[in-house]
Every structure is written in structure tokens, then in C-alpha cells.
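Below are two complexes that have chain A in common, paired first with chain B and then with chain C.
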Partner chain A sequence: MSAVLEKAPPAERADEQRRSRSAVLALALFEARKLLLRLPVLAMFVLYVAWIGWTMRDAWTTFPALQDVDRATQTGPLLPALAVLLCANQAVLRSRRQDTDRHFDVLVLEPWRRTVAFALSVVPAAGLTALLVAAQFTWGVIAPGSVGHGSVGELLVGPLTVLLAGTAGVLLARVVRSPFAAPMLLVLAFFSTLFLGAISTGSDGSATRWLVPVIGDASSKTLPSDLLGRPAVWHALYLFGLALTLALAAVLVNGGRTKTVAAALVVAVGLGTWGAVGQAAKVSKSTTDARVLATLNPAKVQSCARHGNSTYCAFPEWMPRTGTWAEVADHVQSLAGGTAAQEKLLVRQRVDARYGMDGDGAIEPSTTPYQVTVGTRWGGPRVPEFAAAVSSVLVTGSEKASGSLCDGRMVTIMWLALGWQSDPLTQLRAVRLDDSVSGSAIVLSPTNPMSMTAEQTTVVRELLTAGKVTVAPKVKAHWAELTAPKVTTAKVAELLGVKAPAGADKCV
Partner chain B sequence: MTTGVLGQLVRPVLRALPRRALGAGAGAGLLLAALPRLLSDDPDQWTALLVLRGAALALALGLTFLLDDPARQVTVAVPTRRMLRTALRTALVVPLAALWWTAVVLLIPSEIRPPVGALTLEAAAAAVVALAASATAVRLTDEAEPGQRVAIALLATSMAAALLFPENWGLFAAPKDKWWAVGHDHWAFVLAGAALVWAACGPEPVRRRRLRLIPS
Partner chain C sequence: MTTTVSAAGLSLRYGSTHALDDVSLRLGEGVTGLLGPNGAGKTTLLRVLATALPADSGAFTVLGHDPGTTAGRQAVRRVLGYLPQTPGFHPDFTAFEFVDYVAILKELTDRGGRHREVRRVLEEVDLSDVRGKRIKKLSGGMRQRVALAAALVGDPGFLVLDEPTVGLDPEQRMRFRELIARAGEGRTVLLSTHQTEDVAMLCHRVVVMAGGTVRFDGTPAELTARAAGRVWSGTERDPAAMAGWRTGLGAFRNVGDPPPGAELVEPTLEDGYLITLDGMAAEVAA
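On to the complex of A and B.
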């Protein structure tokens, strides 16, 4: 008899364990469903979806780089994160508000197990965020002409922010039981973070900069993904460790002082610290070296492809785009006359990567004859900018020579760059800094900008309105005179058969 | 008669004020406003504007708890109308809030202080929106303490608004922006609209229409 009695208790305990585990799971599922159906959470998720649609609205035409798309997924999840924090906090405080705390004392489920369930209940919200982040990134991947590589670490930031917010709400409710604590602390934290972010100049790459969930960049340029030097994986690990720490701390303060919880808390703190230390490290020597190499001597790391007469060299991630560049360059070259029409161009992709994403640097124009620079972005105004760079090299011989250009050749350059387009006036507007089609203006190009006088603008506009068919033969016929240094705008206008402008030519 | 009732009511209403929530809001606001003096050697006008708006939002969040009345189911039956009781609560808080706002504004160093009149309009609008929202919640639901729910809604709405409202509405413009003046016309409209809603939701309805939000 006694033997039977001795054996029974362990079986019962295991059974009890399983039952309490399934009770926790059931409560977590119930709370998760409730959390996702709360009005603020629903509204914020709807807003977040709208935000995704808004930010990705022109992904189809802007040739996104995936190493930018992954970072662009990070700010949107802050919207649901805010609502999840507040609503998870409110959910934990519900029993206190409705005065049902006492009733839970008679339940077999200990209070700390209820906290476990509350902490688990924010996981589906984080999962939903992960789905939406994945959708946004996929949208970038399938966009035509997208290049580069995304980083899992960067993509995880969004869902982990929601998870962190939820666990912070649960912990807050277990530490401070007043209903106003969560909104107040959130406002305090939000505005002081903004304030601290605004006063610190931030370029020293300090360790504290990475302690907030989402870290923006000072620069908005696109770099090859291996030169970014952002500790994305470390940061994801830090966020995960922090979220886990907060959840376990909530369980601990609620009386869950079991060995398992304590051990898990130690592991979580360790993970968070490991991530925090990892992300605080300076950009590695190999990355800085690679950045300098890619900036000063890109030929070492680039591959080249031949399209037609010309050669196109790009960072490996951009090789699929060389064909698109070639189309533009060929169109521009087909309008040129003389030897320029057959010239072998070298199009080389260049970017100033020396400062990483912390700062921008200008790229010096190339002095090599018939070498054209192309940037890392494409689509929109980048297309006529590249076309202007190609045409300026065809007319003056090198990028360096076109920088200080101040004569009638500018008309030829702009006509070559835009004459082949289907709506050249729109492109003219896009390529000029002030978005105008009259008056003097700066013309952007991948390297140094060029300047157009008001008279040149008038002539170019008339040429573009006259159409390619009438102007192209005249350009080819008078190519030598049009590209002669010091040719006046009036002379160019006369050669191409448009009315010469009245004013004198004066460079800005 | 009314003055007599009011005189009798002042003490209990004063005692029933949600002092901790209001105090937390005021404290958070003062802390935010003190940041430029405490932490920054070279504060600029933009950060001053930021912390002032943060302080105004903090007090507005505190004010969402103003109409919380744990004994609501009991006080609904007293002969003094709710309009009067809430008006008294507000009247007791207004001078303190004005004093608090003066302190907050004075905490910002004078050389970086944004235009005080315009910022006061914004803060007043935020406060009245908070009061209108909690009055609406009290009017439309049976809840005794809708404060937290309203605070969450207000916080979420204001964050989403700051992010999503078009720039030319000027609600969150900086003093040198083109839309600053237009924005403050809009703030005045917000203030007036919220005051109307607040007044409309003041009286206790004769017949209660049940509007059940998703219970939490």
C-alpha cells in the first residue's frame, strides 16, 4: 500500500504542472486576442498599414536598395508599439481597476503565472508586426530594379520594438499600480529622448546612442551593404535581451521567485548586456579600410560589364543595374555628333563612404577623359542627373572640365541630356535644383553641379519644345562649332535655328 | 442657493480631486521643462518648443483623470447636478494649472523661449481637449473611472497627429515656419470645438444610452 502512495505524488505534480501550463497558455491566448482587438491597438495597426502604403508608394519607380528598405521598416512599428505598451499595461491593471484581484486569490494559478500569461500575450502583436515588416520588405524586393541585400538584424528591430513595448507595459503595471503611470512615463521618456537626441551632436558614435530602439542615420545616401557598419544584429540581440529581461523582471516582482525564472533572468540580462556591448563597439578596422578603399580606389572592389561601346563598372550589388545605365548613356550618345558619338565611355559608380552613414562627403569630379560617374541611387531625378553627366563628358571631354563650364556649350550639354526623353521639360525641371524651367539655376549631377544662365535656359527650353527630329540633325552637323570652348549662347542659338536671347550671358 | 451649495461642496470636491494623477502630470511637465536648464549647455529654440509641448501634453494627460469619480454610481443620485460638480472641480484646478504653466514657461531660459501667447493657446487647447474627451467618456459610458482609457486615446491620437497631420495645417509648426500663424488659428478652432463638446457633454443625460466600448 505504502509503495503505491509513494509513487503517486510525482505523477500528480507533473499533471499539475501541465495543467497550470495549459492554463497560462489559455490565459495568454485570451489576453492576446483582447489586446489585438482593443480600439487603440487596432487603430494604430491600421495607421501602420497606411504608413507602409504611403512610404512604399513610389518603390515601383525609385529602384530601391534593400539595405535602405530594411531600415525604412523601423519607424512605422513605433505606432503599434505605443498602443501595445499602453493597452498591455491597462490589461494587467484591469483586475485592480474592477476590483477582482481578491477573486484571483482563490484560484490555483499563482499571480506570477498570470504575469507570464500577460507577457506572452504581447507576442502575437509582435508577430503581426513581423508579418507587416516582412510585407513591406517583400514589396521592396519585388519592386523592379531593386538591388542590394537586406539585413535580418535591421528587419527584426520593428517586431522587437513592439515586444519590448508590451513587456515594458506589463512590468510597469506590476511595479507601479496607478493607472496614470504608463501614459505619464511614456510622455516623459518620449520627450526626454527626443530632447537628448536633439542636443547631443551624435557624430562621436557614442555607446548610448544605440540604447534606444530605433536609430536613425545622419546621412540619407545609399551605401553598399558591407560598408554600412551598423551593428544591426547586436542591436536586435540587445532589444531581445531587454524585452526578455523586462518580462522576467515583471514575473519576479510578482512573486515568481523560482529557480527557473531567476536563471532565465540572468540569461536575459546577459543577452541584453552582450548585445549592448556589441553594439557599442566602434566600426571595425576592416570596415573603415573597406570604406576608404571603396571611396578612393573603387576599381579594386568593382566589377565591370560591357554594354555596346562603353564599359560600366559598379559595386557588385549594383551590377544588375548596369544595363539600365547603358540605355540612358546610349540614348545620350546617339544624339552626339563628331567623334563623341563613337567615344568609348567608362561609367564608374562612386560614392563617398568614408564617413559611413554619419556624414556626407562630396565626390570629386573625375579627371580621366571620358569617365563618367554614377551614384548609388537611381530613378526620378537621378536619371537626368546621370544623363547630364554623360553629355557633359561627351561635350567637354572630362567631368573636371565641365565643372567650371561657363559658355554656350551648356546648351548642347542640356539638350543631349534631355532631348531623347519623352517629356524633356519635366526632366529639365527635375534636374534643376530649384525645380524651375526658366531663369538661371544649378543643374545637379552625380559629382559637382553645373550652372545654367537664364539665356541658356531659354534656348534649351525652345530646343526641347522644337523636338528631337528637327534639332538632332543640326546638332550633328554643327558639332565641332557647338562644342568649341568659349562659344557664346547666342551663337549656339543661331546654329541650332532658334531665336537668340536678348540678354548678355552671365554665369551665376 | 447655488452659492450656498457650492460653498458646501468645495471641501468634499477638493478632497475627491485625483490629486496623484494631476500631480504626476504637473511633475512630469515641470521635469521636462527643466531639462534645457539641467542638461544642455547650448539649448536652442527648437528643443525649448519640444519640451514645452511635452509639458503641455503631460498636464493634459493628468487632466484626463480629472472627472474620474470612483463613487459615480452613488453621486449620480445626489440633487446637485453633475455639470455643477464638474465645473467646480475644473474651477478648483484652473488657478493651479495657470500657476503651473507660468512656472513651466519661466523654467525655459528667456533667450530661447518660444512666443508665450501662442504656446499658451496650444497648452489650453490640449487641456480643453483632454477635459472634453473625459467628459465625453463620462457622458457616453457607465464607467466610473474612464481616465486611463481617455489618457491612452489622447496620447495615441496626439502622437499619430504629430506624425500624420499635413505640414500646412501648422499644428506642430516651429515659430519660424511658414505655417506658424495658420497653425495657431487652427489651435484656436480646436480649443473652441473642444469647449463646445465639453459643454455639450456636461449634463447628466436624462435617459442613459448605453455605448459599450470593448471592455478591457
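On to the complex of A and C.
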């Protein structure tokens, strides 16, 4: 007895098709509910939410750039993706493992349609991931002082990773009917990722680097969004095409050899390939040129705003932040004496974008008089760092001159930078590389770091403890002596009325 | 009898073994018992009729649908309820979820209607109170009733039950018989069993199989009648009898060809079954 293809009357066939489609949807909903309630999936989603909370705990005070926040959403979804892969695989194998095959094989819904339902059942998990990604990103958007632009492509990576993992689990179950296959796949995927990482040069043009779902960056710096050069949309297309290909391949191997499935598979492979080719392309010349321009001649692409006496120039995405910078600069300048108190500063935002996110380059100190560099990050230690940059320019006249400073002026610089703060000792700790308030240390700044001797630290600490009301008049009164080249720390201490340290300044 | 299921010349071989050898039968509404020893081909026949297994040759129809075509096979599955021998379960599903799952696979797509139907069949098998319990927490008898509910969901016109009372205690078996009897009202039920009591109590018709062929097809009374005059009582087991055993009253009950003057006793269905199995040339009733 052999099966013969026989066409039912069109109306009846259409009705059967409609019923089958509805059954697929009903089964997908049933399996989706089961999947989301599986303990590993629940646990991983809880962990993921905790991870979001942990990574975003400082967002309210760190003035996030949205082009960083979007990429930061990509690692967390690997947790539910892992669980979804394993549990989707187990769900497909459930009938075989629990011996319901003999019964279910004679039920109406055809096996390939059940595979469609299993593939669809991972969509709500991907949807839930999308919601959490959206929540994480929204948290960044509404955080005070957030700037920049997120990319839909980058935001889609997390949900698509979950979708890809789920469809991989379904396909695997249809190809290898063993519960051990999925854990083995995870191990294989881990080592493949390591291998791909090893053979990737890290350059923008590396095709293999983008084959894994989540792509990290060599650098943690923040760049204007138009200089990132990440093929985010292509990568999202690649992931979507790949997930669709795996799902349709599972349907095909399970007997779904219909024209619709075949055509959809061709489209899916096309989408995945299109995305893979697109993401493998080198960074465009226009982006490379824009990176060089932004690095070497930022004035060409920046906008400027005046606040008080000073001018603040920034990449367009950071223009809303110039007021915040001005507040800090005004505070510092208000403590200065002589002409420095009225000096017209040019605060310019600078980045080294030449290597994109593939490398870090230090920003050279500016040689232009009274020009202060400000970076692309803000909040936390970045505030006293900028304040130190402003005060160093007010004291020495330029950033270049501050870098080689080795005398008592360092005391004045640090007092100007921190004396106006409500908790200056905490800020002193924040701006020093070793987080200390005693001994010698490197002081961070947007360009080259400065250094403080142990004696200078002692004097600065005493001045900060004495308070602004006591010290500020003395600074203004003795401004010329305090900012004279080669003034000793002992002399500065004496002028400001604190105990003078013994010995000459010895810089590291 | 209005024929609802008819099979003609069904044959199936596993290697050199004839699992089914030119099996033909006609079934109508009500419960038909399928009796036979292990390896008789009962389960194979049920699996073929349930479209789980294709026969090598022959044909059959179920409620007018021919499973020889793809569309026909789907049509048969739409009117089929199947309870396999020792059915599997998803132990982490509740009874409701399991039956609901089967209902979805039977393409009962309207959610509200489907849930009503699931509640109805669970009510029918007296499991309403435990429908929210996980299957792993249910007793063997309850699980078997879950499987019956899964077979009944969607109100199939043809119900195939493969040894559903195996492993049940007497009370559970009685309860199950009630359920099967109820299920047989207005639909065709084919019940495979080793228990002649099941057939005696439930079936309006009985088919006896052995060696892949049908050895008897008729009413239980006709099967019983085959043993008329061939069962006798004695003080000892008659060596010429094909079967003999001591009864609870102490006398021996012998089945076979009685010696002259033997004390004949009223035959039972089991006696008829034994006679049928022993008489390899027994004619197949039409």
C-alpha cells in the first residue's frame, strides 16, 4: 500500500490548510508557554535582568552615550539564548524521549508543521529579550545627560541571538535525535568562537570576525556614532537570515518539502548571505576620512557654543553637554586669580578615531594657548579630570606645558580643580590613578596625565580640608607667585598658610 | 450492520514473518473485541488501521476515507482516536495540558472550543478533579484514563484501543470497561485485548486472530457456541483434552473432544476462544 498524492477539492483543501495553520499557531503558543516556564529559561532570564540592573546601576550618574548603550545590550541575551537552545532542543525531542511518538504519529498535524510550530515557539523568548533590550536602552536614553544615537541594528543583535539559538536547537533535534547533541553544540560553538577570534586580525575588514553573533570591540572608548563604522544592520540581517535558514532547514529535513518552504529557504539563505557579505566589507572610505578629520581637525565637524567668556566646541551629538562642561569650567575659573579668572578659554572635544573601535590612541595635549581638551565621556572621575585640565591650562597657559610640570604649581592646579567640589577629598581620590589621597600619584586628564609628589598631595589634602572659604582669598591674593614657574611646593604651602613640607620637589 | 470500517486483503511481513496475512474484516458501530495470543498480529492490525504503519498490500477504508492517498490518510486521522499499547506520557504536563496538546495535534484550533472539549473528555473519564495535576503524580489507572481521554478528544468516529486494561487492578478494569462501553455508543470501537472477560462484557462482536490471520469473526455468543458440547467436567484432567484445569469447586474442567458419556457443561467465551485457537482449520465466519 503506497501513499498517492491526491488533490482534495479546492474549498476543502483551503479549509484544511487554514486549520493546519491555526493548529501550528496553537502548538507554537503552547510550546512557547512551556519554553518560557522551563526552569533553565526562567533562571537565565532572571539572571539576565539582574545583569541589566548591574550594568545599568551607574547609568544615572555616568551620562551614557547611546552608541555605547546599544552595544552594551548584546552580551546579556547570551544567557537566555543558552537556555533557549537547550530547552527548545529538549522540547522537540520530548515526544521521542517520553515515548509518545507512537501515539502522536497518527495525529492530524503533520510532523513538518509541528517543526514549524517548534521554530515559532522560540519567537516569544526572542520577543521578551527584545523587551528587555528596549528597557535597558530606554534606561540609558532617559538617564540624565545621555547623548548620541543608538542603532536599531545593534539593538536587534540580542533578540536575534536568542532566535538563532532557539532555531539551532530545533534543527539539531531534527538532525541528531540525542539529548547530548545540544550541549555538544554549545561546546563546539564556544571553541568555534575562540577559533574565529584567533584567526580574525581584528581589523575592520575581517570577514570571519562577524560570523559569531556578538562582536566585542578592542577599545572601550566612546566615538561619535557616525565614526563607529560597525556594520550593525548587515549583522542583524545576517543573524536573521541565519536563524530563518536553520528553522526552514529543520522543517525541510522533517518532511516539509513544499514549494513555499523551499522558496522561503532560498530567500533565507539569500538574506543571510547578503548580510554576511555586507558585514564583511571594509569600513567605507568616507567613514575612514571622517575619522581622520575628526581626529586631526575636529573644528571642521564641530559646532560651538558660548557660555560666559569661553567657547565650547563639540561633536554635534555632544552639544547638549556643553552647558555641563561650562558649569565645571566656571567653578574652576571662579577660584583663579589674576587674569586667569577672566581668561577666554576654548574647550574643544577631541577623540582619536583613526582606528575606530579597534584600538586606543592617546590624545596629544593641545599646544594652543588656553585651549582645553574634553573627552567623549562624562560623569564619575571624568569630571575632576576635566576640572584638572581646565585648572592646569589656567595655571600654565596650555595643556602641553602642564604635562611637564614639576613644581609647586601642581598644588594650585589641584586645589582649583577640586576646591569647589562638595566632597573634594573623594574627588581627589577619583582623579588619581591609584585611588589614593596620600603619597605620590599620577593624576588623570583627558590628554597626558600629570603627576603629584607625596608632599604636594599632603599640601593639597590640607588645603581641601581647610575649605574653600579659607583658602580661596589667599589663592587670589598670591596668584602671581603661586603660578610662577619653578615655585616650590614649600613656598606654595607657606603662601596658602599650611605647613610647608621639607625638601625640594622631586618629580617621578 | 452498517459498515464503518472495512479492510480487505491486508498483509504485512516483517522479514520472513507474516504479521498480517490477507486480513479482511468489516466493522460497524459498537465495540468489537480483537482477541488473540501474543504475536497474533493484533497490534500490527491496529497500527495499520490507525495509519501508523502501512500495509504491504490490501486496502481499507474508515468512515468512507481511503488512507491510500495523502489526503485520505489525513481524513482518516481526523476521525481517529488511538490508544496505543502502554501509551507514553509527558510526565511534567498536567492531565489537562496533555489532552489539550493531543487536541491541538488533532487540529482542534478554536481555543475556547478546544478547552471545552478537553474538559468534556476529562469529565467523561472521571478525571475532572485531577485535571490540573501533573501526570507523574497520577496513579497507573488514572494515567490510562488520561490516555483514553486523549483518544476520545475531538469525538472521533473510530476508536482504536490496544490492550487498554493491561496492568489495571480489577476495580480499575471495571471502571475502564464502563468507559469503553460508553465510548462505544454511536461510534466504532476496535478493542484489542487478552481478556476474554472484556470481550464478554463489552463487545457485540469479536474477531479472533492467530498467526496474522483472522480465525473467527462473529458475535461473542457465536464464539461461545463453538465450544458447545466440547467442555466437560471430570474428576481428573483428561489427557485427551486440549486444555484442562481444576476449578475452584475441585472438579476438572476439560476442553476438547469429550469422551463418550462425559458430563458436558455450559461453555464460556473463553472455551470458544480456546477451541478456535486450537482448530487451525476453523472457518472464518462471514
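In this section, the second predicted complex is superposed on the first by the 486 of 508 C-alpha atoms of A that agree within 3 Å, B and C clash if a C-alpha of one lies under 4 Å from a C-alpha of the other, contacts with A are read in each partner's own complex, and residues count from 1 in each chain.
One rule holds for everything that comes next: contacts are C-beta pairs under 8 Å (C-beta built on N, C-alpha and C of every residue); 3 or more make two chains touch, one makes a residue touch a chain.
Quick caveat, the model's predicted, so the values are computed rather than measured.
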item	value
Touched partner set for A:114, first chain B, second chain C, both or neither	second
Which of chain B and chain C A:79 touches, first, second, both or neither	first
First (chain B), second (chain C), both or neither touched by A:502	neither
Which of chain B and chain C A:16 touches, first, second, both or neither	second
Touching partner for A:94 - first (chain B), second (chain C), both, neither	both
Partner chain in contact with A:362 - chain B first, chain C second, else both or neither	neither
First, second, both or neither for A:30, with chain B first and chain C second	second
Chain B versus chain C as contact partner of A:196, first or second or both or neither	first
Residues on chain A lying within both footprints (that of chain B and that of chain C)	94
Chain C residues within the chain A interface of the complex	50-52, 54-59, 68-74, 77-78, 80, 82-84, 87-91, 97, 100-102, 104-109, 111, 114, 147, 150
Touching residues (chain side chain A, partner chain B) in the complex	34, 37-40, 43-44, 47, 51, 79, 82-83, 86-87, 90-91, 93-94, 97, 178-181, 183-184, 186-188, 190-192, 194-196, 198-199
In the complex, chain A residues that touch chain C	1-8, 13, 16, 19-20, 22-23, 25-27, 30, 94-95, 98-110, 114
Contacting residues of chain B [partner chain A, same complex]	20-21, 24-25, 28, 31-32, 35-36, 39-40, 42-44, 46-47, 50-51, 53-54, 57-58, 61-62, 65, 145, 147-149, 151-153, 155-156, 159-160, 163-164, 213-214, 216
